[in-house]
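Before anything else, here is the set of structures, which you'll find just below.
There are two complexes below, and they share chain A, which is joined by chain B in the first and by chain C in the second.
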Partner chain A sequence: MGRNNDRISSVQLAMILSVSIIGVGILSLPRSVAEAAGPDAWILVLMGTLMILIIALVISKIVTKFQQKTMIEFSEIIVGKPIGILITIGFSIYGIIFAAVEARLCAEVIKEYLLFNTPTEVIMVTLLLVSVYLVRSGIEPIARMAQIIFPIVTIIAILLIIPVLPEIDWTHFLPVLKTPILKLIKSLPVVILSFIGIELALVFSTFVIDTKNIKKNMYITVGLVAMVYFFIVSITIARFGIQETIHITWPTLELFKTVDIPGAFVENIEIFVIAIWILSVFMTLVSWYFSASLTISWVLKVKEQKYFVLPLIPIIYYLALLPDNLAQAMDYVDRFVNYFGIFYMIVLPIVLLGISAIRKGGRKGA
Partner chain B sequence: MNFFEELFENKEEPLKKIEVEKDYKKNLEIIKEYIGGSKDVIFREFTIGNEKIKCGAIYTEGLANQDLVSEHILKNLMLLSRMAEIKTHTIKQKIYELLKNMTISATDISEIEDINKAIDAILSGDTVLILENHDKVLVVASKGWPMRGVGEPSTETVVRGPRDGFTETMRVNTALVRRRIRDPKFKVKQMQVGRRSKTDIAIMFIEETVNKDVLEMVKERLDKIDIDVILESGYIEQLIEDNWKSPFPQIQHTQRPDVVAAAIYEGRVAIVVDNTPFVLLAPSTAVTFLQSPEDYNERFFIGSAIRILRVISIIMALFMPGLYIAITSYHPGMLPTDLALYIAGSRMNVPFPAFIEAFIMEAALELLREAGIRLPGAIGATIGIVGGLVLGQAAVEAGIVSPLMVIIVALTAIAGYSAPNYSFAISFRLLRFMLMALAGFLGLYGIILGSIIILTHLCTLKSFGVPYLSPIVAGEMTLKDFKDVFVRAPIHMMKTRPQFLHRSDSTRLKEMRRGDRHGEK
Partner chain C sequence: MRKLKLLIISVMSIVIITGCWDKVEIDKRAFVALIGIDKFENNADQKKDKKNRYTVTIAYPNTGVIAGKGQGEPKFIYTSTGENFSDIINGLNTRLGKTTFFRHTKAIILGEKLAKDEKLFREVLDVIERSPELGRKIHLIIAKGEAKEILDTSTKDETVLGLFIRELMEQTRKTPRIADADLGYILRSLHESHTAITPKIVSSKDEFKIAGAAVLKDFKMIGWLGELETKDLMFMQDKIKSSEMNVVKDDIIIALRITDVSTKMRVYEEEGEIVTHFDVDGEANIQQHLFEVRDQPLDHEYLEKIGNLAAGNIKEEIKTTYKKIQDDYQADLVQAGESLRKHEPDTWDKVKENWDEIFPTTKVKVDVKIKVRRAGVTK
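Presenting the complex of A and B:
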C-alpha cells in the first residue's frame, strides 16, 4: 500500500471493531432478547457479554501469538496450507454475504422510515458506491472514520434517550430470575450472535503496531458494545414492556419514536436517529466489504486490495437483492450468517488456539 | 554533519560556471552580452586612485539603492581613494583587501569567481565591481527598492492582537518573525525556485521543535519544483501539497507574523516567498484552520466559546440549505405541525421545487459575494445593499422564493464568513452545493451519504504525512491534544505542544501552579 496507509494502533482497532459490531442487529436486539428471556433480558445480556469476553481472549491470544501475520499466514502455519487457504476463502465469502445483508437491511430500514417511494435498488447502489470510496482508501482511513463515528453515534444516542427516562417503568423487569437458568443458557446464542463482527480482529490485527495492547483493547471493545446493548435493551423493555417489545419489528427505533424533546424545534426524532444509525451501519458494511476484498487479495497473493473492491460490487448487489422481502432477508441472516458467524467467531479461534498450543507442547516434548 | 546541515547542503549547481578572467574588457563584454541592452541595467566605468586602475560598476536601477551606490561606492573609489597614500605595487597585489577594508563603506562585500552568480546578484539589486587585472569580481550588497511599509493585514483581522502584517519583501517578513523568536535554534534557510524568476524562498523552523519528517518532505518537494516562474506563494502551495484533487487546503497561508511565530513554536515549518505577503505554514490540519490568533489572546472562556461558535457555524454553512431542501421536500414530518403548515403555505406560490429555489438563491449569493470582492470598495457596499436587501425582498414579494429560504441563505452566508481562513471557508461553499444536490435527490439519506463522502475524504487526506483530522483521529488517543481543538484550555493547562506534530521537544510550559502566581501556597 504505497502511501503507507497500513498501520493502525490497537485503540483504532477497538474503534473499528466497535462500529462493526454495532450494525443492523441493534435495531432488533431488544426484541430477540425479550423473546428469549422475558424479564431477565438484562441478565441474558450480561451472561452473553461474559461469554464474549472469553472469545475475545481466545482471538487476542491467537493474533498476539502471530504478531502482524495475516490470517492466511497464521492459519497456514497452524493447520497447513490447503486448509489455511480454505479458511481464508471462507472468510471472504462470509464478508461478501455479510456486506450484502447489511446493505439490504439498511436499505429496507431507510425505505421504511426515510424514503418511502425511492426504489430499494437506488438506495443500495448509492450506499455501496459511497462505501467503495472508503474501502478503496485502505485501513488507516477506515480506522480514522471509526474513531469519529463511534463517539458521534453513542453520544447522540445517549443524549436522545435521556428524555425517555421519565416514562420508563422498571417493574417490567420483575420478577427477577423467573426464567430457568437452563433456558437462559440455551438462549445465549442470541446475545453472542449480536456480537458478530468481533472475529474481524482475526483479519485486521495484522495492521496493528502495538500488538501487546490488543487484548486490553478487545476487552474495551466488548465492554463498550455491551454497555450500549445493555442500555438499549433495558430501556426499550422498561419503556414498552415484554409483550409489546416482542411484537415490534424494530423496537429500538420505536423507542426513539416515543422521544419527545420538550420545546424542541424538530419533531419525530427517529428520522434523526436513523440518519445517525446509517453512519454506524455504513461502517459495519465497510469493515466486512474491506475484509472480503483484503482476504481475496491474500489468497491471490496480490499486494493491493484496491483492485478487488469494484469487481465485488455486482456480487454484493446481486446477493443483497436475492431475498424478496424483509422477512426473507432476516431468514437468510439466520441461515447463513449465523452458521458462518459461529464458525469464525467461536469454533475457528478455539480450534486454532488449541492446535497451536498442542503443537507447541509437542515440540517442547520432542 | 548534523541533520539540518545535511538537508540544506548546497547541491551541485546545474548551471554551468563561467570563470571570471583576468582581462577586464573581456569580463565586461561577457556580462554585457548577457544583460546588456536593457535600459535599467547601468554600466558605470571609471578609474580608481592615482594609478588609474580601470573599474566597472554594474547595478540595476530601481533595485539598487542609488544613494548607497554613489555615496559609498563611487565617491569613495573615485575621490577618496586618491587621498590614501599607498604604494603602487601593493595596490596591484592586494586590491581586494584594500577596497574592502579601506575604501568601500558598504556593510556587505564579497568576492566571487562565477559570472553567472554575478549576474544573479546584479538582477537582485546588488552592485558588481569589475577590476582591472583581477580574476574575481566584487559584489557589494546594495539592495534597496521602493516597498510597501508594514501595515495591518487586510485578511484575518483581530480585535485584540498585533497589527503588523507581512509585506511583499521577503527580508522584511523574515525579520518580522525573527522579532518574535529570539531562539538561536530558529533557522531561516534560503533557496531559489523558478528557472526564470529565481524567486527567493525562505524556510523557517526551530531546530529543536520541528518535526524532521515534515521538514525533510518540505525540502524534498521544494527541490522537485522545476517551473519557470513563481509569482505568488499560491504557486508553491499547489506544487507541494499532498493531494491536488482535494477541495480542502492542506497548507495554511497567513498574513500575520504572530500566527507564523506561533506555528513555528508549535513545530511547524513556515515558507516565506518573495513578492507576496502570504506566508505558507505546513503541515496544516482542519483544526489549525479553525484557530484564530485571537482565541489565545482572549481569556479562555471567551476563546473557547468563540471556537465552539466557529465550529458550529462551519457546520451550519455546510448543511443548512441541504437540510432545508431535504426537510421541505422529503420529510416535512420532522417539523412541528404548525411550522410545517406555515412553510408549505409560504411555498405555495413558489413555482420551483425546493432544490431549484435553494440553488437560485445560493447562486445569487455567490454572485453577490464575487461582485462585492471585485468592485472598488465604495461600490462594493452598495452592491451588498442592493443585492442583499432589495433583491431578496423583491424575490420574496414576486413569489419566486419563500421568505424562509431567504433567511436560510442569509444565515449560511454569515456563518460561512466566520471561518478565520478564507481558503478553508471556500471549500465548504463548494461542498454545500454537492450536499444540496444530494439532498434534492435522496433527501436526508442523501445528506448522510454526502457527509460520509466528505468525512471519508477528510480521513484519507494528509498534510505532509499528518492526518488532516488530527488530533481527533490520532493513533494514540491523547487527551492532551484535545485541549486546543474545540475548546481552548487555559494557557497554564496547555503544558505540551500538540502531540500530533510529533516534534522532539514537547514541553511548552514548565511546572507552574496557579497559586504561585498570586504568592499563595
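Presenting the complex of A and C:
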C-alpha cells in the first residue's frame, strides 16, 4: 500500500483542532461559566474568545515562521537543544495525561447515562483500542475522520436543541454587567482553558502543505468553536437559570433531558446527544494520543510514530484509572492539565515567539 | 502462521463480540409509567428491624396487551416498602422477574403525608433529580391522601395510568385550574426561591381528577390552593392559555372565554415599599348571552363594558389570591424575588437577606385589560 499520509491541508488542520477542542469540557462548560460570572456568562465567553484569538495568532506566527519544521526542530533552533527536547518530552507527557483524562471522563458519562452495568474499565479499553487503530494510521486518516465528524456533531446538536427553544427565558441573563469587571477578568481562565487543544497546532502544523493559510484557518477554528460554546452556554443558562445550571453536573446533557417533542414517539434524546458527543470525545482522545506518540518518536529520532502507539495504552489506561471518582478526576484535571495547558497554550508560544523575534533582530544588527 | 492468526481472531471474537453487560431484552423490561411514593406509616405492622420509611407503588403496562397481541391484565401494579427509594426498586426487581426501566416514566405521585415530611420529601426530590433516567418533563403531582390509592384506581378509559395523567396534564391548555408545573419548573423554582407549586390529584373509585395545586415551601408541602386560586396564580405566572369567566350585567349572566392572555410582572420599590405590579392583557369571546336579547352583543360600547367588568373581576381575584399567598403561606410563589434580582439588582441587594419577611408585606397592583373580540354567530 502506497501510503502518502503525512500531508494535510490547513482546512483539515482547522477541522482536527475544532474536534479536539470540543471534548469532555463542553458538558460542564455552562456550569463553570455560570459559577464564574453568573448572568454575565455570555460576556465571559466573548472575552475568552478574544484572548484565544490572540493566542491563535501567536501560535500561527510561530508555525508559519518555521515552515514544516517539527516542534522539536523549531524549539531546538530557538532555545537550544536540551530545552527543546525537554519541551517536547513535556508535550508527550501532557498528551498522555490528557488522553487519560478524556478516556476516564468519557467512560464516566457513558456509565452514568447509558451502560449502567458495564465496568468503567471495559468502556475505557474499548474506546482506547478503537483509537489505537486510528492513531496508528497517521495524520491523514485522522484529518479525514475529523472532516467527517465535525459537521455531523455540530449539525445534529443544533437540530436537537431546536425543541428546547420555546421554553427558554432570556431574562435569566439579567442583570447585565453587574459582575465586577475584576471578577470577570479573574475568571477568564475558565473559558480560555475550555479551548485547550489549540496548542496541538504546534505539533500538527508540521504536516500542513499550505502554511500561508494556517493563520486564517486557526481563526476559523476559534470562531467555530466559540460559536458552539456560545450557543450551548446561552441556551443552557436561558433554560435553567443560573442557580440550577450551577447545581447540575453536566448541564449540557441535562438540557436535552428537558426536550419532549409533543406527541412524538421520540423520547430521551439525550441518548442521541451522548452518541454524537462520544464521536467528538473520541476525536479529542485520538488527537492527544497521536500527538503523544508523535512527539515521543521525535525525541527518540524514530521515523515511524506507530511503534509507540500500543505501548502507550497501558500507561494511559493506568493513569485513567488513578482517580477514585469523578470528583477526584476533575480535581486532577484542575491540578495537572490546567498547569500544562497554560504553559503550552499561553506561555510557551509567547516565549518562543518573543525569543525568536529578538534573535532575528540581533542577527540583523550583527 | 496463517492458522494461528485465524485462531487468534476467532478466539478474540468470542471474547469481544458476545459480551454485553447491559443487554435487556425488550420483553424483560418493565416500562414503569407511573410511580407513587408514600410515607410508611403502619407502625403496628413494623417488625423488629423498624427500617421501613417509604411505600413505593409502581405501575407498568402489559406491553403485549397494549400492542393488541398478548392477553391478560392491561397493567401491573406492585407495591413494596423499604428504607429508601432505590432499595425498594431493587427489591421489586426480584419480584417482577423484569428490569424496571424509568426512561418512559410519565409522572410521579407523592402522598400528602410524605410531602409534609421535610426530610423524606427532600430525599425523594434528590432521588428524582439525581436519576439519569428520569427526565425533567415528567409531572410531579401531590395526591390528596395516599399516592397508592391513585395508582389503584382503575380508569375506564385509558389503561396506562401514566399516559392518562399526561393527557390530563395536557388539559392545562384548556383550563387553568390545573397547575401548569412540570418537574423542571418545580426543581428550578425550589432551587431559586425555595417555593413552588405542584399539581394536586384526587381520586375516587374509578376516576381521578387533577385540579388545584399544592404549595411547597422550604422543601415541604404547607397547604393547598383551590382550583380558582390556582387559576389566579396561573394568571400571575403568565401560564394561562385560556380561561373561563362569568360576568353579570343587567341580570344577564354572560359566559366569557378569555384567550391570548399575557401577564407582565414588574416588581419595584416605591416610597420604601416593594410593589408587585401585574399587567394582564387578554382577549375574550362571548360564549353565552341570553336568548332573544337583541342588539346588545354587537354594540361596541356594550362589549367594552363587558370587557371592563371581566377585567375588574380578574383584578379582584388576583389581588385576593395574592393576599392569601402572602398571609397564609408567606411563600413567594409568583417569583417576585427573582424578578427583583433580575430587573432591580440594587433593590434586591437591600432586601435579599430577609426576603421571606419582606414578601408578605409587599403591595400588589393589578392592571387588567380585556378586549371582547368576538360575540359568536348570533347578533
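Observations
Just so it is clear, the second predicted complex is superposed on the first by the 361 of 366 C-alpha atoms of A that agree within 3 Å, B and C clash if a C-alpha of one lies under 4 Å from a C-alpha of the other, contacts with A are read in each partner's own complex, and residues count from 1 in each chain.
Rule of thumb we're sticking to: contacts are C-beta pairs under 8 Å (C-beta built on N, C-alpha and C of every residue); 3 or more make two chains touch, one makes a residue touch a chain.
Please read these numbers as outputs of a predicted model, since none were measured by experiment.
When the two structures are aligned on the shared chain, A:Leu115 is found in touch with chain B and with chain C. Once chain A of one complex is fitted onto chain A of the other, the partner contacts of A:Gly80 are absent, as it touches neither chain B nor chain C.
Between chain B and chain C, more residues of chain A are touched by B. In the overlay built on the shared chain, the residue A:Asn268 is in contact with chain B and with chain C. In the superposition on chain A, contact of A:Ile8 is made with chain B only, not with chain C.
Of the two partner chains, chain C is the only one that A:Gly241 touches; chain B does not reach it.
When the two complexes are overlaid on their common chain A, residue A:Pro311 makes contact with neither chain B nor chain C.
Residue overlap on chain A between its contacts with chain B in one complex and with chain C in the other: 114-115, 118, 122, 267-268. Within the complex, the chain B residues that touch chain A are 330-331, 333-337, 339, 442-445, 447-449, 452-453, 455-457, 459-460, 462, 467, 469, 472-473, 475-477.
Taken together, the chain C residues at the contact with chain A in this complex read 19-22, 103-104, 132, 135-137, 184, 187-188, 191-192, 341-343, 345.
Chain contact summary for the complex, chain A toward chain C: residues 39, 112-119, 122, 171-172, 174-175, 178, 240-241, 243-244, 247, 254, 257-260, 267-268, 270. Considering their complex, residues 3, 5, 7-9, 11-12, 110, 114-115, 118, 122-123, 126-127, 130, 133-134, 137, 140-145, 147-149, 209, 265-268, 271-272, 275, 278-279, 282 of chain A touch chain B.
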